[in-house]
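The two complexes that follow have chain A in common; it is paired with chain B in the first and with chain C in the second.
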Partner chain A sequence: MKRYRIRRYEGCISCMKCASECSFGAITTNGKRELVFHHERCTDCQRCVSFCPSGVLYITEDENRYKGNRVFTEDVINEINIQAETGSALLSSMGASGDDIPIYFDKMLLNASQVTNPSIDPLREPMETFTYIGKRPEKIERNGEGEIVDNLPPHLELETPIMFSAMSYGAISLNVQKALADASEKLGTYWNTGEGGLHESLYKYSANTIVQVASGRFGVHERYLNAGSAIEIKIGQGAKPGIGGHLTGKKIVGDVSKTRMVPEGLDAISPAPHHDIYSIEDLAELVMSIKEVTGYKKPVMVKVAAVHNIAPIASGIARSGADVIVIDGYRGGTGAAPKRIRDNVGIPIEVALAVVDQRLREEEIRDRVGVIASGGIRNSSDVVKAIALGADAVSIGTAALTALGCHLCASCHTGRCAWGLATQDEELSRRLDPEKGAERLFNLVSAWTREIKEFMGGMGINSIEALRGNRMALKGTGLNEKELEILGIGYIGE
Partner chain B sequence: MKVIDIRKDGQSEIRRHEGEEILVKGCLGERYIGEGLKSGRMHIEGTPGNALASYLDGGEIYVDGNVQDAVADTMNAGLLAVKGSAGDALCYGMRGGKVYILGNAGYRAGVHMKAYEEKKGILVIGGKTGSFLGEYLAGGMIIVLGLGYEGERITGYFCGNGMYSGTIYLRSGEMPPNLSEKLKSRYVGDMEKEEVISPVVTDFAHRFGLSPKRCLEGTFIAIEPDESKTNSQLYVAV
Partner chain C sequence: MKKEGEVRISSGCAISGIFCRDERRINGDAIKKSIAMMHARSNGLGGGFAAYGIYPEYKDFFALHIFYDSEEARNETEHFLEKRFDIINLSKIPVRQSEKITDAPLIWRYFITPLPHMLQDSQLDENEYTSRSMIMINDKLDGAYVVSCGKDMGVFKAVGYPEDVADFYRIDEYEGYSWLAHGRYPTNTPGWWAGSHPFSLLDLSVVHNGEISSYDANRRAVEMYGYSCKLLTDTEVITYILDYLTRKESLSLSECANVIAAPFWTTISTKDEKERTRLSYLRKMFSSFLITGPFSILVGFSGGMMALNDRLKLRNLIVAEKGSTVYFSSEEAAIRVIEENPERVWAPVGGEAVIVTLDKEKAR
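For the complex of A and B:
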């Protein structure tokens, strides 16, 4: 909740472009073609700055600060004032901002080959990033003639171990979903509907679509379930573990209403728990019920937030009959979450992955499930480190939105996204060209895939599968012994 | 009418005869019967297992005995009529179609039922229900008749907690215990009874050979969300 000031150097040509681009009403015009700045409304989304043709506009933090101290910082004081005024809980968006919670990815270094085990040059040798996600057959079966029987349970096939996280139509615009779906098709990966149903125009992408079933069951029907390549049961998400969803009636308009199958203007509330799931046995029942209705042809995924006892939870999920566990870490983004929950609940994905992989291996059930990690994956090295910690693949949400123009102003919950992403305003959502967006997503994931191959080559690995759970490839720095023990890695130089 | 022995022929045989009139016999807890079916008429003998008729998308299912948990989960269309009682989590997230239970229902019946355009989930329970009836109700209609329990309490605690649309009707003169202050309750007038409740209850009564008059006699209470107490003040953006 920082306060900003909108400023300009000399040379403004009064084109008024900034005022027409600002969706938060921070820059307006008066009758005399002069700009009026309403600093208090500015979110620092940088839309005006990007579109100023003379490059004279800039945003700074307001110099007028509360004195505060190290304990009662300016944000703390501001938040107390807001709550004293309104009596309401604080609502924000994007991922956690707990400043002192370590980003373990940045405290781990990867290995490379030297002399004794030669590295591989990805430019001249094939590098396999193809990833299968799902159960692995427990044994090889042969028929009477001795031929191998295909007993591979249903699975997802990814050309690269990067997918797009669940973001619902309603939280993001249809154009964003179009870009995600189109990019997934071109990349040979998957995007995820979130709990908002599947828009009619996107059914054609079903070979690259994961459909979600969450506690509100919005937009869920037989045709929807069968339209997905996989079905994800969402129990929780990293940005707000234990909290349900609430899409306000204001955003339930037109096609959003149609796709969610919720009357226009009525709130869409996803209860915190699924009221038909109170145990692993109940979860197993829903997993099998979805399998039954989809003819046992599609993998069923279960998405949970990374919380303190994630290892036994994952073990339960692996035993529930689900094919894939999706773990969303502390830093996972969202379109709207209570700020206190976002910043104070859950654990980072790196730790969750390490303990889940360890637990599933100890119980000899790691091959019963695929593991997908999400929540704060920023670049290809995070992907490689996540896989080395035990993930089969990762999914990216905030990074994908950033590729589409998001500037992390964390104002998604206002529905006024100036970049046309987290909004249902027709005019604003036209600001994203889905084709151009798909191209940028394609470029991003292709670039990361290229970098992943370089990491693999450097380590002398030519198949991404050989990296999965390979903790020997990681060493920690700046971590204490307990952290190293939990992550299952040695210290640098060890 | 095609007769299917569920323990010999299994689910696949039911699917093969979708759209026809069939009799499924010998049920002893087999789960997922009738899932996602779109048409046809199915008669069930014995006790089908959990998740009967979930995602049901049309057609009619008649059950002779009792049904278990998670029945009619996320049902979209069609009819399910049960001569016995139902277990917990009946009609969770149901969006359309009708579910008639002649006997009682367990806990969490009708949680998060909804309505959309021509779709409207309708749940009628002939007997009484456990706690948490119609929590988070987002649309549609739940009617509890309390037949044979006249003068007794016919729902448990937390009836309608968190509901934000739709209506719960109880054939009772007594308000449910600990009703949330975010809900409004009222006695149903003659006109509403005639126009809204009567057509549904009459259909219910006919399916089970009961007298509609008997099912409709006495006082009805309606429970609805209090629109002046919405959730919109819960949060403030930062």
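For the complex of A and C:
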């Protein structure tokens, strides 16, 4: 809960652009073409700064500080004050901050070929990032002539092992979903509806759409389920494991209300658990019900938050009939979550992925199920490391939003996103041009894919499946023996 | 210094193979001459041979070649074997003392067959029963290492140049219809005989030149199915993958080649629909067994041999034919030195398996 100061240096031409761009009411005009700064409302979203034609606006952290001490820091004091005033749980958004929780991606280094085997130049040789995600049948079958019969269950095919995380219509604007869907089509990957239904105008992207079924069952009907290339049952999410969701009535307007199938103005509350899943056998039933509705033609994914006993949970999901397990780590983003939960519940994706992959191998079922990792994937090296730890693919949410303009001010829950992303305000959501947005997403994922190919080529690997679970590609630094053991990697130089 | 298996050692190599389609049995002189031609591709830190058809009088029994570090290890292993198998014959493998081959372990040979009641109780077939027992010896019994355990075949390997290993094991005194040879150029000093090649399980034996980049992905995948990679070498993991695919998934060797050296997706897309479906099925079904990075391998099996390159052909591999004899080698010179005028010499395309079998047998 940082406090900011808005500052203007010499050279302001009084164009008032900053005031019209500020959606939080931190900069207003007084009617005499003079700017008024309401510092306490500033979220540091950087919208005004980006649009100031003279470049004279600066947002800085307020230098008036509480003295505090090592235990009671300024943030702690601020939070106590807010709670003393409101009597409420603290709300926030985006991913966990937890400063002292290691980002393991940054403590692992990758390998490269030298002398004994050649690196491969991706500009000259084929370099395959095509990714196949789904279940594998237990045995191959042959017909009378001894030819192999194609008994592969339905699956997802990605041109690159990067997809977009679930973000619902309601939490984000329709324009954001349009940009995600359009980019997915161009990239040959998938976007995910989240728990908000699928807007009529997006049905045409069904070949690149994953539809979600969450605990509120908002927007779920037969046509919706059959519109997806896969159906994701959302049990939990990394930003708020163990708790449900709450889309306030003021966001349930117009098409959001129609698409969610929730009356206008009524809060849409997703319960913490699915009330038809109190145990693993219940999950198996839901998986089968969805398969029945969709004629066994679509893979069913189950998304869970990375928690302490994630390995047995994942193993249970793999045996529930699900085709794909999606694990969302501690740093996964959200449109709104209680801050305490966000910062204190769950475990980082690197660790969760390592233990899940290992457990599934010990149970001899890793090859039978797909594993997708998400929650804090920031760049192509994170992707490569996640795959080397054992993921089939990753999905990105915050990185995608950032490509669309998000500056991580973590104010999604206010519904006043100045960048037009996490808002249903018509004026604000027009700030994102979906075509331009799709282009930026396309560029981002294409650039990462190019970098992934460079990493692979450097290691002499020319197909992504040979990287999957290839832990020898990783060595750790600044990690203790227990961490290395859990990640299943050696120390640098070993 | 760490022993092979405690550390992963990369190697360059020479490989050579001779296969007589008419089942004519030839002694080990020719293969020794061929591999010796490529002396410079080895550095004296590993050499070995596999031969098929050498034990016709015991062809119905599993032939074990075992290295022991000590008499205790031998006693313990023989006790283990006696509980599970009928030992038909046992002896030391005769060797010729040589200054060039040192630090030899105790080298023993057994002809065994599973005890019928034990086999029945295990609910396994005799191959699975035997391979599990052999993996158990390698995994659990200290100082004992099963070098080969197939029928009517055997592996002879040591630390040294391959031609010296040939003399040491007196391979000129064995006659077989199929021979494989390996000369090793490891980057470290393995100093352990079991780390030399060929690597073998049941009737499969593999020699390999290369360093695969998919190693740990492949290892972790095959270890799911009851294998334990002790040596951390490519050859070991390739052998286990082939054993798994042929014996447990009933793939043909050419299908195995489509898995481990799978065609690129762009190549698959140019095939007719049936072939496209078949190839993508194999890639998707067995994606963890795709092997990337350089390799050229020769795979010996009862009644046949397969040669295969990685799909980019990052290692040399030459095949030649003369009459009913087929020659394989890292270098053409190593073929010409034993067959001056082959009728056909060619370099197989990357990812394209060359499979030869005895004329009397159909392709496996």
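We take it that the second predicted complex is superposed on the first by the 494 of 494 C-alpha atoms of A that agree within 3 Å, B and C clash if a C-alpha of one lies under 4 Å from a C-alpha of the other, contacts with A are read in each partner's own complex, and residues count from 1 in each chain.
In this text, contacts are C-beta pairs under 8 Å (C-beta built on N, C-alpha and C of every residue); 3 or more make two chains touch, one makes a residue touch a chain.
From a predicted model like this one, the values you see are computed outputs, not experimental measurements.
*Asks:* For the three-chain model obtained by superposing on chain A, do chain B and chain C clash or fit?
*Replies:* fit
*Asks:* Going by the contact rule set out at the top, does A:P338 touch chain B (first), chain C (second), both, or neither?
*Replies:* A:P338 sits against chain B, while chain C stays out of touch.
*Asks:* Is A:A466 contacted by the first partner chain B, the second partner chain C, both or neither?
*Replies:* Only chain C is touched by A:A466; chain B is not.
*Asks:* Hey, in the superposed model, what angle do you get at chain A between chain B and chain C, Cα centres, nearest 10 degrees?
*Replies:* Result: 110 degrees at the vertex chain A.
*Asks:* Once chain A of both complexes is superposed, is A:Y132 in touch with chain B (first), chain C (second), both, or neither?
*Replies:* second
*Asks:* After the superposition on A, what does A:I59 contact: first (chain B), second (chain C), both or neither?
*Replies:* neither
*Asks:* Figure out whether A:T116 sits in contact with chain B (first) or chain C (second), or with both, or with neither.
*Replies:* Second partner only.
*Asks:* Contact-wise, after the overlay, does A:V307 reach chain B, chain C, both or neither (first, second, both, neither)?
*Replies:* It touches nothing on chain B or chain C.
*Asks:* Would you sort A:I148 into first (chain B), second (chain C), both or neither based on which partner it touches?
*Replies:* Once the two structures are laid over each other on A, A:I148 reaches chain C alone.
*Asks:* Classify the contacts of A:E364 with the two partner chains as first (chain B alone), second (chain C alone), both, or neither.
*Replies:* Second partner only, chain C.
*Asks:* Minimum C-alpha distance between chain B and chain C after superposition, to be given in whole Å.
*Replies:* Closest C-alpha pair between chain B and chain C: 27 Å.
*Asks:* Could you give the residue numbers on chain A that contact chain B in one complex and chain C in the other?
*Replies:* none
*Asks:* So in the complex, which bits of chain A are touching chain B?
*Replies:* Those in contact with chain B are residues 1, 78-79, 82-83, 86-92, 215-217, 220-222, 225, 246, 248, 261-263, 266-269, 271, 274-276, 282, 285-286, 288-289, 292-293, 338-339, 411, 413-414.
*Asks:* Quick check on the complex: what are the chain A residues that touch chain C?
*Replies:* 113, 116-118, 120, 125-126, 128, 130, 132, 136-137, 139-140, 147-148, 150, 152, 155, 361, 364, 366-367, 459-463, 465-473
*Asks:* Could you pull out which chain B residues touch chain A in their complex?
*Replies:* Listed in rising order, the residues are 11, 31-32, 35-36, 38, 50-51, 54-55, 57, 69-70, 73-74, 76, 89, 92-93, 95, 108, 111-112, 114-117, 119, 132, 135-136, 138-139, 162, 164-165, 230-238.
*Asks:* Report the residues of chain C in contact with chain A in the complex, numbered from low to high.
*Replies:* So the residues of chain C touching chain A come out as 8, 10-12, 187, 210-218, 220-221, 223-225, 249-251, 255, 262, 264-266, 277-278, 281-285, 287-288, 290-294, 311-312, 314.
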